[in-house]
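Each chain gets a letter, A, B, C and D, in the order it is written, and its residues are counted from 1.
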Amino acid sequence: MKLRMGMVGGGLDAMAGELHRRASALDSRVDFVAGALSSTPERSRAAAKAWGLARGYGSWREMLDAEAKLPATERIEFVTVVTPNHLHVPVSAAFAESGFHVACDKPIALSLQEAKQLCRVVEKSGIVFLLTHNYTGYPMVKQARHMVASGELGNLVKVVVDYPQGWLLQPLEQQGHKGAAWRTDPSKSGAAGCLADIGSHAQHMMHTVTGLDIEALCADFGHLHGRKVDDDISILLRFRGGARGILSASQVMAGEEGGPNFRIYGTRGALEWKQLEPESLVFRQPGQPVRILRRGEAYLCDAAKRASRLPPGHPEGYFEAFGNLYRNFVDAIEARRQGARTEHDFPTAIDGARTMAFIETALESNAAGGKWMRVKDHTH
Amino acid sequence: MKLRMGMVGGGLDAMAGELHRRASALDSRVDFVAGALSSTPERSRAAAKAWGLARGYGSWREMLDAEAKLPATERIEFVTVVTPNHLHVPVSAAFAESGFHVACDKPIALSLQEAKQLCRVVEKSGIVFLLTHNYTGYPMVKQARHMVASGELGNLVKVVVDYPQGWLLQPLEQQGHKGAAWRTDPSKSGAAGCLADIGSHAQHMMHTVTGLDIEALCADFGHLHGRKVDDDISILLRFRGGARGILSASQVMAGEEGGPNFRIYGTRGALEWKQLEPESLVFRQPGQPVRILRRGEAYLCDAAKRASRLPPGHPEGYFEAFGNLYRNFVDAIEARRQGARTEHDFPTAIDGARTMAFIETALESNAAGGKWMRVKDHTH
Amino acid sequence: MKLRMGMVGGGLDAMAGELHRRASALDSRVDFVAGALSSTPERSRAAAKAWGLARGYGSWREMLDAEAKLPATERIEFVTVVTPNHLHVPVSAAFAESGFHVACDKPIALSLQEAKQLCRVVEKSGIVFLLTHNYTGYPMVKQARHMVASGELGNLVKVVVDYPQGWLLQPLEQQGHKGAAWRTDPSKSGAAGCLADIGSHAQHMMHTVTGLDIEALCADFGHLHGRKVDDDISILLRFRGGARGILSASQVMAGEEGGPNFRIYGTRGALEWKQLEPESLVFRQPGQPVRILRRGEAYLCDAAKRASRLPPGHPEGYFEAFGNLYRNFVDAIEARRQGARTEHDFPTAIDGARTMAFIETALESNAAGGKWMRVKDHTH
Amino acid sequence: MKLRMGMVGGGLDAMAGELHRRASALDSRVDFVAGALSSTPERSRAAAKAWGLARGYGSWREMLDAEAKLPATERIEFVTVVTPNHLHVPVSAAFAESGFHVACDKPIALSLQEAKQLCRVVEKSGIVFLLTHNYTGYPMVKQARHMVASGELGNLVKVVVDYPQGWLLQPLEQQGHKGAAWRTDPSKSGAAGCLADIGSHAQHMMHTVTGLDIEALCADFGHLHGRKVDDDISILLRFRGGARGILSASQVMAGEEGGPNFRIYGTRGALEWKQLEPESLVFRQPGQPVRILRRGEAYLCDAAKRASRLPPGHPEGYFEAFGNLYRNFVDAIEARRQGARTEHDFPTAIDGARTMAFIETALESNAAGGKWMRVKDHTH
């Protein structure tokens, strides 16, 4: 039995919708049946028709009302929210309050306060919530997380995460490029540019793999072409427990395709991973040959093995990593149906709140000329 | 409108069926509706049910008869053949003769003669035929083919193709491993072991990218554990036009994950590609910096760009390459519907016959102690 | 005619002396004839004998006096100073004032003030002064410098330099390791640990390649095992002209061998180089294949070609880079003899002062809890 | 006390002489004092003067006579032979018969018969003989040899060695290029072109690391531009004991810098090494992470550690590998002086004979159209 999925946003010309559609379909455990895919009723319904959905709606409210009235055997079981960022919380909260599970694109919210509010809704409603920080779905990221957690690196000393891109090096927003336009317009994307767009992925990756909490940070941002939001960020980090870190991301690094990439150093060993070579995890130990761990091998941890669809020798990539989020989300929903409350191996609302605390603190640090600031609390 | 697909073979425990199912579904242009998935009627129907197919049959003949009687708007439009090798030709031919398009796993046949016979059936029937040599579906392979064809390498001088694997280093066939057992049993896999299993991929890759025809070859095979089929092959090649080559493949190279990998040298430049790093194509020119071409970039040829689903920075892999075969196959079927006869960018029956000529000649060369032999004709 | 070299410090058990001996001898243009190699007269003379030097002295003052009295055709023409750091300035200044050319190990001094003082002595004396920041001797570093200077990267936007080592991860200084002991003892190495030892190389590399001046910096240092000096540094940089940077170095990164490594991003392109793969320089341009420039090739700039001793295909390394400093230093001395004042392609006293300004500012920034500070002036 | 070296051949414009001069000087244990460096007396003496040698001779016979008459404390202790190939044996034999140790460039001879003859002279004279197959001087090659010999790879199954170059892709010999002219002129270089020039390095590397003896081979050669000698070779190998191999080398592979590179596969593991990345040795074992062993590390075998001059993090290269041959040769001469007969860790005359047997057999195999031939005996 497949789960029935609905989607809000992600209409025909949006890359995000297409990615979620493919990622959710990857394991044939999801039926995409309903959608309110665009901001106007006409385009919304047209998109649903073009994608062959059973039920196309004119707006997400219409969709929510209608689906809630359908019998349980017909209505969607979860909604994927790929709207512009400012709608993430209203849509997610409304569906959650009606008992629908929710998969929401990152960033979870425009503010920490809004994110915390959604956390409360999610907790109260008891639904399963997936925040699609897709890069942490890679099997070798799970392996890295496992190795840190099981002590193979000893106590952590230094963490370096970087997410280099180059696509905004030219002022595309002045040349009619839609994606560049909204990302560099604070009224649409919020005060954070590169920081929210990809710095958030870097921070989430760092937290997922290391489990470390940032205590304080010092941020310095750059921006080209008179942009009103950052397009290049450098942040020094101090973690609870004494480790230090550097987090950087950029959208103006000529010729760079993307990340995130990390290096994690502990008292006993170190790990290195690059998203563009996702099947290898480099493990260094003092006085030992460098070890390259490879996706699909029997020596990996269970979570890494479960996250793999093909044997070694058959490269997996971005879609499979994204698909792993949906796979584990679907597992969790099915477990929930049977009354089980399982450990979730995917990002959820609290991760989104943590990221918003990071973003808001970094914005303030940079605005203050690069002052060290304690990271805001994201839990209350 | 999606195309309706049926499948013969590929039941629940077979990796091949799963791969074809995923690859054909990748772009949401195919509905997998019917199948005769296993060799016994009970298991066959059970498998169809487990996969949620609309119509499960007890045998491929039953399926052929039943589908042929359905109205054109309901019956399958093509069949995917993932049976054991000896059934490839009978099943493909029967469906082709009834007007169904066919996607058939490699190797196309057990003998050159059988392959030629199937070529004639395909030609006569006018159907679209796909032979799933999936590795040639990678975008950067298409780019390499384009660069050779457009003369960027000059006249070809030397070609080196290698497909290294290590999974048969231990005698798994003596330890209950099914895949190892049939692959090393000449009564089931034919006289060629590694040669047919992966050497065929290496040969097809070589031909696809270079367009060169092998004139003569000299083969030397090895086998461990008293195996009756080769598990390691080394073949010297002389091409029509004067270029030379080395083709090797092995299933007993400790720790190797797979290939194929190629290096192609011409009078003006050279290309290198490795399947485990499929997003990069290395281009060397005398007196120039080495150039690394990357998947997804605007400077690639049209076929390479069409074969890409994600922008740079988002790794694609094996499934996408496989999916490209189905995508182009579906395009061809749809063009055929409208009366068009398009250039096919995928392997077809004649490629299968060419590979069988290569395999038979290599077997004879090795059996003769490593004599140079002219490659058999595959066209008449 | 070879130049006659003397050495102060670098006795038998010191790696630095051995490196300088080999590097200066590499092109057979230097005769190492005299030395005051150790801190006690006996060991000093014994070392000179063991190395087969013509003249062994008990102390550097004895050496200076004696050599100054020799006829010009016999006395040393330059002295290499590889003493503990606190003697760099006194020894160098004394020899310079007597008209000997000087090659001095880095760091040039213990303080900015001392460094400036030495700059004045060097300028007044008119001698040729070499500061052995050896990593900038690599041919591909010269190529990078050339490409930045000639505008191939456009205006610089972001610079990232890293020097990762792991050898101080364990408290070797508590286990009788001499090199670890003096490096972590502020009374011997000064207040800066990793910062002075290798951070200085990173800063010098950054300046050499980019030509950028640091306007302000913000430093955050770590130290393990209760060390009194830093063993891990992270520094944010703002350059005059608007570019930004990150400079990091560590001696506690498990399993890391060393650097420095840099990535330099401009409005038109970017360069990447790693000291452990010194023969390749990666050049990225938006919308172009990645280019790998290789040592020894005819397309490189003159300075890079001159810095090469072997054709491509024959790896060069650390010694050759170090030797390039001595080669250019010897060229400069010979030019000076003939009255010419040539452009020097090697680090000199002013580079040392610039580095000391960087070090002192970084120490103060870190001590202030990570405050942004304007970099001190090193020119007056 | 340094050893006194003489040189025959290697005059000012020859790369080989320069390489030997540098390599022998690397550890300051050799004094280069005498030479007959060129084929005419005038140029020979001029070259000696230019290099500052104590004694320049007009011919090698003059040098031999004069040096033999000098007192033992003055005369050269060994001679380096870097003449054109046809003089290797006459010069080496004459010096050996007079009791001088000999370092001779490869190939040792023009024919197997001549090589065997020299072996007899060397054995009878009791001198130390070094054949300068320099690539086997790399530390990680010694490590590979050690791992094979100590059984870490199990029984060997397959060996692949390749030496790709591209510098003869254009007909340089028709454009006044001296090195290209003599190498492609059978009257000067012998019947073997690429085979003798670099194929010999590949064969020697293969034998050194694996210890395997070739039982039979099958060769196929190519040549561009109407050359009378091969410029591209592909050779299948069968080793005593059952392993198989592929040896290839080329001087017409566009953009390739050089090799040799090897992959060695056994029943328990595999090794991979590339000369352009000489500091890493890749070790694969079934079911294990890939291990990268690095030069300079404490876990390496003694021979590899002894062959290292710098700690990890400081790249070594071609000169150091070449220098290791001289270092071990000097050690052996010094041991000999003291009456010891030590194991030699460097190539010697018998290696040269083995290579000549390989070359002659390969030439005959290719001439016969690519027939399998048993390799000639090189020991009697």
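Methods note: a contact is a pair of C-beta atoms (placed from the backbone, for glycine too) under 8 Å apart; a residue touches a chain by one contact, two chains touch by 3 or more.
These numbers were taken from a predicted model, which means no experiment stands behind them.
Engineer: What chains touch chain C and also chain D?
Structural biologist: Chains in contact with chain C as well as chain D: A, B.
Engineer: Farthest chain from chain D, going by the mean of C-alpha atoms per chain?
Structural biologist: Greatest centre separation from chain D goes to chain A.
Engineer: Please report how many Å separate the Cα centroid of chain A from that of chain C, as a whole number.
Structural biologist: 43
Engineer: Could you work out how far the Cα centre of chain A sits from that of chain B, in whole Å?
Structural biologist: Comparing mean C-alpha positions, chain B is 36 Å from chain A.
Engineer: Hey, how far is the Cα centre of chain A from the one of chain D, in Å?
Structural biologist: 56
Engineer: Would you pick out the residues of chain C that each touch at least 2 other chains?
Structural biologist: Each of 288, 290, 294 in chain C touches at least two other chains.
Engineer: Going by the contact rule at the top, pick out the chain A residues touching chain D in the complex.
Structural biologist: 283, 287-294, 297-299
Engineer: State the interface residues of chain C toward chain A in the complex, per the touch definition above.
Structural biologist: 153, 157-158, 160, 166, 169-170, 218, 220, 222, 224, 232, 234, 236, 238, 242, 244, 246, 248, 250, 252-256, 263, 265-270, 284-286, 288, 290, 369-370, 372
Engineer: With touch defined as at the start, can you tell me which chain A residues reach chain B in the complex?
Structural biologist: Touching chain B: residues 2, 15, 21-22, 25-26, 28, 52, 165, 257-258, 275-279, 294, 309-320 of chain A.
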